[in-house]
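Letters are used for the chains, namely A, B, C and D, taken in the order the chains are written, and counting of residues starts over at 1 for each.
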Amino acid sequence: MLMEQEIITQAEGRRLLQALQGIHQLAARPGLEDVHMYVEEEVVKATNDRVGGNLHIAKSRNDQVSTAIRMKLRRDLTHLVATIITLQDALLDTASHHLNTVFPGYTHLRPAQPITLAHYLVACVDVLERDVQRMKEAYPRVNQCPMGACALATTSFPISRERVAELLGFDGLLENSVDAVGSRDFLLEVLATVTIFATDISRMVADLIVWNSLEFGLLELPDAFSATSSIMPQKKNPDVLEVVRARMSRIQGRFASVAASLTSLPSTYNMDLQEITPPLWAALHEAEASTKILAELYPELRVSGRPLEKAGYAFTTATELANTLTRKYGVPFRAAHKAVGAVIKALVEHDGASRDISTGLLEAAVKENADLALQIQQQDIEDALNPTRFVAAHHVRGGPAPREVTRMLKTRRRRLRSSRQWVDRKSAAQSDAEERLDRESTAHEAV
Amino acid sequence: MLMEQEIITQAEGRRLLQALQGIHQLAARPGLEDVHMYVEEEVVKATNDRVGGNLHIAKSRNDQVSTAIRMKLRRDLTHLVATIITLQDALLDTASHHLNTVFPGYTHLRPAQPITLAHYLVACVDVLERDVQRMKEAYPRVNQCPMGACALATTSFPISRERVAELLGFDGLLENSVDAVGSRDFLLEVLATVTIFATDISRMVADLIVWNSLEFGLLELPDAFSATSSIMPQKKNPDVLEVVRARMSRIQGRFASVAASLTSLPSTYNMDLQEITPPLWAALHEAEASTKILAELYPELRVSGRPLEKAGYAFTTATELANTLTRKYGVPFRAAHKAVGAVIKALVEHDGASRDISTGLLEAAVKENADLALQIQQQDIEDALNPTRFVAAHHVRGGPAPREVTRMLKTRRRRLRSSRQWVDRKSAAQSDAEERLDRESTAHEAV
Amino acid sequence: MLMEQEIITQAEGRRLLQALQGIHQLAARPGLEDVHMYVEEEVVKATNDRVGGNLHIAKSRNDQVSTAIRMKLRRDLTHLVATIITLQDALLDTASHHLNTVFPGYTHLRPAQPITLAHYLVACVDVLERDVQRMKEAYPRVNQCPMGACALATTSFPISRERVAELLGFDGLLENSVDAVGSRDFLLEVLATVTIFATDISRMVADLIVWNSLEFGLLELPDAFSATSSIMPQKKNPDVLEVVRARMSRIQGRFASVAASLTSLPSTYNMDLQEITPPLWAALHEAEASTKILAELYPELRVSGRPLEKAGYAFTTATELANTLTRKYGVPFRAAHKAVGAVIKALVEHDGASRDISTGLLEAAVKENADLALQIQQQDIEDALNPTRFVAAHHVRGGPAPREVTRMLKTRRRRLRSSRQWVDRKSAAQSDAEERLDRESTAHEAV
Amino acid sequence: MLMEQEIITQAEGRRLLQALQGIHQLAARPGLEDVHMYVEEEVVKATNDRVGGNLHIAKSRNDQVSTAIRMKLRRDLTHLVATIITLQDALLDTASHHLNTVFPGYTHLRPAQPITLAHYLVACVDVLERDVQRMKEAYPRVNQCPMGACALATTSFPISRERVAELLGFDGLLENSVDAVGSRDFLLEVLATVTIFATDISRMVADLIVWNSLEFGLLELPDAFSATSSIMPQKKNPDVLEVVRARMSRIQGRFASVAASLTSLPSTYNMDLQEITPPLWAALHEAEASTKILAELYPELRVSGRPLEKAGYAFTTATELANTLTRKYGVPFRAAHKAVGAVIKALVEHDGASRDISTGLLEAAVKENADLALQIQQQDIEDALNPTRFVAAHHVRGGPAPREVTRMLKTRRRRLRSSRQWVDRKSAAQSDAEERLDRESTAHEAV
């Protein structure tokens, strides 16, 4: 850019570019202030005071640092999104094998109504989809170029900030120079998206740990993801999931660190800004590593037994019996629920099961609660209480019925494709920018 | 919707709608479980067991609660955005009066280079613009309808979730029913955007408090925003700004509360979710109230004196002198900076000022540092060191030069108009939905 | 004090005291700056400008505010400690009924080894004991008197700060006046102790929620603490515990708020300090209310069935069988564990139970793993695998054996008595101070 | 202990001890589960399956891990306390040179009343003293021995937990075995004390950064602690202090990480506990490193000029003039303050200084505000307004008068000596324990 704008001559520019290309690795040296000074020294060595001495025209560490963070961050963020997509993909694959795996749906950690495992897994995909959306939306705010802001007031050299932004593959300029060097809301925003993602993951992991417990016994972790004990074979500790859970909590602290650092900080550049990038990189790394683990774990989960056949879950279909009374026999909703509730209460007190709900019992309860004399068919009772039928009957949009979940799987796959295209586009743009910069530098050198 | 789908009859529906319209205020009663039960009871009273007993068909507290939070939140969020726009507007207005108010630009809380007050204020507008963007982008994730998810597994009644979403003014469905009742990432996301906004505001406020100090003496707070002391008239305490600063810190804690609550929480509904809305409302209220105060305060700020004429700021233009040596006299950048640095160092040690920089001194320094024998013109030195000229010379994109800031003001005003249109559209959509719902209910009643 | 030091006359002092005693309640009035001004105005009204005008000699809002916070905080903190003691007491009482209730001990949420419910409850008491200790240790740092520090530099009047501290019931002076008006570490410390307590409680509550689940079925919540559903009698939602859990998380955010507010705050008084007391009071209130609930809940817990007889827990005593091989038969520890492990692994693979461990199987495994030919007695196997014997055999200090837990209960009861004495002493000191102040004021008035 | 209790034979014990002494460094090997397994393998290699196989009698990773953390933590905590003492010492030394350095005392970042630099520095020492107290009080809760708790239920071997605790230099036992393996409140408590310390330090650092600004110009940072700019000699950036400030904020996040991890964690051991020690060590390291820097920095601070002679500070002694009217001339306090306030207000409006307060002006103001006709002596006015006299007159306990600060310095030095003795005692106890353990091991070997 300096050459194009004729701020330095073509000859100078070529020599600077050659010298910069010649630096392949950093050698830490005592007494060296920082990497910027190191590069300048190397360039001066490779050229001379006159040429190398112009390297820092229209630049400052303040704008360079913010630019470098953004260039690394856009890559890391793209990688994280790609990894989350892999996890979503794994969840969809797993779901496609469990469309008919009837599974207890919980509220308050108590079995509430039957769903399917696929239905639950699609919910997880949808949660992660919003995480991906947030990260995608943060991206354009990350990918703005601060270069040319210099220390904080731009420069009196006739630079083209647009050209630098273009050469570095940015989507645009962080225009106002005071804003450009001092703002780090882009960094806090990315951390916020990662923190929200972390709480989402921690809830998914909490489900797995509980369902994997001996007592719930709904899911079995693959051996590779659990630690066994030589003495207690019943003990398959969910070590990996516990570590993931803890890492997710740690990310919360990283957000708190950075938010506390930025609070009341004077505008523009302060050295504090140097200290807030390590928590950012750490959080991104923890998130990505944990996501990778889960992407491998979900497809290996084994469903243990037929959970809905356990006695305890018998009454999770009770609402459907009440609905049947309303829909088919015209009992008002509230009265139907009271009637079914009364029947179940009586049964529970005598250790009865759902198969003990007879037409007689139910008719009496309806009579008492709704003052209606009905003739209820036994088949209606059985149908209503059958978990598989329950699930099939819940086929409104977003419900657990296999055909509805199948439809949802299809739309999610489409969305994943579009997310993957986003990742590909961003990765390509990042690599293209690097290559183009290289090419243009080489072209200039070659002249 | 229940009528349209023929789940209840037209007659029942009309009576239910009439009964609901008749409830004008809530009367807390002992023994009442919650507001949902209260409404049902009232409706039953106004109709009968048969009709009123069908009010809760295809509904659950779980989906209703999430729906209600989202309906309130979309309004509150729109209000907050509107208030931030008002603050941005106030900043732009203030900026337009200070295009030529040369002002010290700081890094590390030390004067670095001259900018203008307008330039700084535009930076604040840009920071807030990204806050507004984040809130706008969060909006569509808030404005999704969970209704019909019921307890967590939808319902076997043939409801139309799309119709309910439309009637309630939502942009779409929160489709998967497990996701619909249990996810609160939308809430944490809004809190995150408010928390990022809070750190931004706390930095702006920190600037004002320091600049308003007796020692900096750059700005004077309007009397209405400072507490004076009957005995110490020199004491105009920035009480209001201190309270705003503290409230912004408090918002960080509200985010931490909610993030901690959601961590490891089992999926779907748990009572914990009831406890995370108060911090949300509180944070939104604190943010909005503080923003309103600042929108009134900025236009009343008085710039005290001509800050850049103070002795201490004399050398903030030194970089420009070095740039002049490079640009006009061909001294390599690094050598030029060293030469100017050497001159200033000598002057500072003898309590000299920038006006003591003579051509002789400078020529000698260039000779020593760059081994160049120059004939420097006194006028070039004076021009370079003049803060007003400094500012004018920094006219690259995003720089402090008045004409560049004027251009930036114009583009920001355009953006504000577009933001205001967004607010108007959202507010209108919210009100339209309410009115339409009312109208359709009344139409049904009227039949 | 002003009278005693002859800063004001006896006559003036008496009239001031009378006027102050005459203020019984605050009437908010528009235009009133704060409560300090209100009191002064009332006193002036009740006396005159001359007498009332001397009320504020050697005082400032800065030292008064800090003093008032400390006086309220020492009471609230004492109440919280008293409430925690009540909870400890409830836990000990409950424990005393469950000395022989063999219960699965968990690690990684997987059954590990048998303990007793009493053993677990004593662990909770010990955790809370350290919380109490921390609060007790914070107390003397709270109960220091800042009065006389005035605005920040004390006063030139010959006051006796010691006498004021004594009259207000403080343990000592917060001596340095700059420290006295500006430091709030005492407040952050109390919040820290409450936050640590909150994480402790949240772990105890997490245990209860999981153990109360249908699947774990170890404990049953009393009806008063769970929400039942009219339609699903199997559903006893642990609403109260969930709310307590969420409140404990909220306290974390309150600590974060205050810590963020104090960060980088200039020394001495700033208005931010006014904003950090509401989170303190809220946290104390939330902690105390939740503790009260738990103190009522624990004694009502019902243990459901005989958990250790469930098949899944069969092997939790396996380590004891290995220990027996080492202790009685001289098999090296590691080899003994391997041998038992091998036996169990084989059984688990064929759905065997612990009663299937025969002398033959075990002898073969020992031969293979330790190359030892043993004659093992069947009784030794049965004894080792019996959970009740397991518990009884673990009678080293701190172990689950009933006689050891009985001993521990005794020492904890003693400690509780000592804690209760601490509470009584502090409460008495607080009340005594108030009464003495009243008495001395009245005595002065009476003269 | 195992030998003493005759759980293993003397011969076995000797060979185990020899083998353990022979392990000098860890060599990471792929496939190795953890350090515990490594040690056992090495011991088996150095002995045989029979002897080495008994190494793990009556131990578990669960109690060993908690023990190891506590042994490292007690050392690190002692080091941190020692470092804080060094900082306190540096502050006292610095204070002793500034007993008469009159300095503006601030509230709300506005000059309020004169104090001395020594007075301020003693306040810092007192703040840190409470930090030291908290750490000292946390120490005995850290230094409790969990060994013998094994997995969570102790052991059936007749171990002596007391003897192990003694040999490892612990103050006592963490008695209840469930508590022993699963509680980490000691860790969160230490982090809390470090976090409170961090907010204290961040306030001290904030003072220095502001006072070091060009505009406040009260203090000058030593060159070694500031970054200069080659081009802007006026720019001495407080880089080191900014980094310290940011690190202190980071510590807040570390507390948040650990608190979030512990929230709702099931009792006893979970792998999450492994993830919460890195934030602990990091926080301790950051705190200690920053403290060391400050201990070197304070003594090198240079006071720039005679701050109280600047015009802006003229009226900081105004309260004393009012006090003089009350004390010497009998004007009621409130009226005196109003009178002085009126005089100053008039002067400020006409750019007057405090030396313009004449007897006439003051007498007129007293007449108007208190309706008293006084004859005020000019000397009284001058004495009251003189900052040095102001400071000297504020000699009540804790005040800025040099003689009072001298007294305070003396008592603080005494306290430091006592703190140092604490450090020495703890360090000695830690080393003694190590040596004794070594000695006893060697003695056993030698037999």
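What we mean here is this: a contact is a pair of C-beta atoms (placed from the backbone, for glycine too) under 8 Å apart; a residue touches a chain by one contact, two chains touch by 3 or more.
Keep in mind the model is a prediction, meaning the values are calculated, not measured.
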Legend entry - Contacts common to subunit A and subunit C (chain labels): B, D
Legend entry - Reaching subunit C from subunit B through chains that touch each other, fewest steps: 1
Legend entry - Approximate Å spacing (C-alpha centroids) for the pair subunit B, subunit D: 36
Legend entry - Averaged-CA centre spacing for the pair subunit B and subunit A, given as whole angstrom: 24
Legend entry - Distance from subunit D to subunit A - Cα centre to Cα centre, in angstrom: 39
Inset, instruction - Name the residues of subunit C that each touch 2 or more other chains. - result: 107-109, 112, 210, 237, 239, 242, 245, 249, 252, 255-256, 259-260, 263-265, 270-271, 319
Legend entry - Sites on subunit D touched by subunit C in the complex: 40, 44, 49-57, 62, 105-109, 112-115, 119-120, 122-123, 126-127, 130-131, 133-134, 137, 141, 148-149, 151-159, 161-162, 173-183, 185-186, 188-189, 192-193, 195-196, 199-200, 202-207, 210, 245, 248-249, 252, 255-256, 259-260, 262-271, 319-320, 323, 326-327, 332-335, 370, 390-391, 393-394, 396-400, 408
Legend entry - subunit A partner contacts - residues on subunit D that touch it in the complex: 237, 239, 242-243, 245-247, 249-250, 252-258, 260-261, 263, 270-272, 274-276, 279
Inset, instruction - Mind listing the subunit D positions that touch subunit B in their complex? - result: 107-112, 209-210, 213-217, 229-239, 242, 256, 259-260, 263-265, 312, 314-316, 318-319, 322, 337-338, 340-341, 344-345, 348
